[in-house]
């Protein structure tokens, strides 16, 4: 008992919804969720449709081939997922452990349906946490002189562990364009500010210096340009004049955990479509 | 250039989405928005679909008849609206004017696409506001002894002005079951608490006495049972120990305006479906 | 029956609170509110203290002179206000009326204790609103060539009407440094973004282009540098991919009204102290 | 280098702030924080004052005796704390571990300045967590027939471990009045609803059945009456028609952790004063 999920984007035209739903229905699939959006500026059509695979006339293995017929006819980009799959996540972390802990506890409690076979860090602070969850931990320190070498090792590990996507859980190093492109729309970062405000270093110090009354956190896909990728989720918390940088960090930690956890949940549920530098989030 | 909107609910079964979208598509309609939900407990299917009527093969006048064929075949409840229609709203108000003003300004600014041909009140405080917006104002004081008589007058006015739905903008009198049933799912009330907490009288005094740290407002359809109808929208604002009942009222007024305005906006956009004592809000 | 409010800032040292409260208490004043903050970086002391003037031994007229003795001894900046005063506000507005309306209705309902004897605009759209509230309206169109001339007229009006502070209720013109300095910490602006993100022109278009999931509004004192003055209040509202720039504007209007109204309320209540480019808000 | 914190409540009268601050100042104490509130209905005065103990003329041991002189003269209830103390917390938990984990991680990261020498549970699900944090775990199953016996054991443990206050981190059993009174204003519970809505059993099911658009969580001191004690903190999260009871539980878990963690933080910082069934929270 599992479902198929199809994510679709293409130029808008008449009859798209009907064609797709007719394909599902005429093959005896029951649609459980359907979300659709048309971007009026670019006249692009986006769709997420999920249907039950029991009694469906097309087998799991043949589905992609069958669907590709109507897809090519209509100029669709699409990707099909099955809900019985368990995505494999690698978590990258530096010194701060709160986001790492948060994700591991959500996996352990069953809130996330995924595996975490691998934790990578440029520091050793989180090693004991990895061990307490029985997850292999790789300590790969990184600096400007060894970056391409280390990234090679990282990519090897990601292949070896058959990783589907990466979560940067307060990982403070930058990746090369080549690495980023390898995991396009499959690397989720948490930045501890309300982007585009306070991109780059020390956002809490920047926020304190500016005297804002609200701080934020932003989860986004990583792109070549720092802290500028498609935003998946943001949230904020109120602060006031009595909060120093340290209490901002403390309040921010709760925010970072929540915002990153929502982005990972949405990504796992295949509810995020990227177009240009933006996201459609069907939630 | 206008759209048709169809709201549908029925027992869930395979092929519903395909049948409906095929009907639209095969008649040359382009679907601009489609939202769908299945309530897993009652296995009920809900849908809101909106499509462009230009180039549509079925005329506006014949649409209902044409659609009724597939609807009866599939056991659907449905209702069709057109976006060029201007719903006619009657506003009921007592002494406090903030919600009344808020709605009138949204209508005036073009944020709401509707007409307000009629304001009814059991007091005279808001008469001058009605006049400044050139809207007929009827002062109909109501008490336990004259209620059925006054409701008769109100119903006459609502018919005479061809009113589609009622907004109770801090109207503090109760309606009879008969009146309520006449406007089932067409009477929107704003209650100044986070329902079901603090139903009934003086919710801000109740909230203050209980020492809550957050107050709320709730917009709902009116049913026979006081403050218990299907909830359309709620929101909250933080308070603290230094807020007395008067500052709660003041903070609450902003909340009431926002929550009521969102509920009216959703209702005008035909984005609310009622089932049992709950709502599906496609937003 | 009225209170005195004293706002104080000075270098921190031992005994400040005791000296000030002893001054009030030994003259038979009952302290009703006292808020205090020490900025640990600059070691600056901030205080707001409010006490009842009935039975107070020092008359209203002598209070400033009496207080100046301890103030000069301790190196204090201070300012004393009385709660029976009615500040006189000038509202500057361009085409959009929602913030103007909001403030006028709060004054009318008694929520704000102030007078609005004057509305200034570079357009005529809001003239009829001013008239309906019986407030003199001055239409002073402004462009790069006439700005110093027009500002002269504006300053004359502000003097003539004995204006205490200015509210820029979506007034879209920039003031000269000279004008700004004349009303230092007495000009409140509403910017329709979550500053420092999207400063300058068309923040909703900027927000839409960036694909943020939350939009904000910021109320701040005007300084020589555009959209960079001390922030008084900010708030946000959630948006999603289906919101176009027009719906952002619509959602933003509600936010702008709320944020500006809170900033004006705080300023009227003498709850805001400015230091450097930040504010202490005692609320 | 540590501070003294004094929490005070008494009938309001002139000169209270001056007397207290003069006591501190004349003994060479520098006031770092001072918050004060007067409840206008009961004419009760509340104060939290914190000052540096270095250079203070009165020793830690003599302070209470010294202060009691002015306190008895003015009819004050008061309690003095020192910031170098480490309160000792016992956590009570049933099956669900998310709040337990959350508190333990905050203690471990240094966010909370306290010790957790003891975890008590009526189930065994959380035993391994206690062990992984090296904290003694006592499994004390409780039912209607053994309750007084088990409470005796619990009280013995609390005495033996010298516990200052209790955190009920989703502990689902009820305490006797006798137990509650022993820890009056020293037992913090998290209830998974926006109280007073949905008190008692299964609040998420209740919320789902009612069709609310927002769910909440409430942290409060435990009193003899179930879910009715003085509220310390509340917060909410938005839901919609597509959330079933299980997703409410999931969203609620994040809320419960945040709300409980804030209440514990406020209690640890001695920022909460209880009066009647309400709290003054100086934050």
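Going by the order they are written in, the chains are A, B, C and D; count residues from 1 in each one.
The definition used in the following text is that contacts are C-beta pairs under 8 Å (C-beta built on N, C-alpha and C of every residue); 3 or more make two chains touch, one makes a residue touch a chain.
What you see is a predicted model; the values in this text were computed from it and never measured.
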In contact with chain C and with chain D at once: which chains are those? Just list them.
-> A, B
Relative to chain A, chain with the most remote C-alpha centre = C
Identify the chain pair with more contacting C-beta pairs: A-C or B-C.
-> A-C
Self-contact between copies chain B and chain D, residue sets same or different by half | same
Inter-chain centre distance, chain B versus chain C - centres from mean C-alpha coordinates, in Å | 37
Just curious, how far off is chain C from chain A if you go by their C-alpha centres, in Å?
-> 42
Among all residues of chain C, those touching at least two other chains are none
Show which residues of chain B lie in contact with chain C when the two form their complex.
-> 97-98, 101, 105, 109, 111, 132, 250, 253-254, 258, 261
Can you list the chain D residues touching chain B in their complex?
-> 37, 39-41, 194-198, 210-214, 216, 230-236, 240-242, 244, 277-281
In the complex, go through chain C and note every residue touching chain D.
-> 12-19, 21-22, 24-26, 28-36, 38
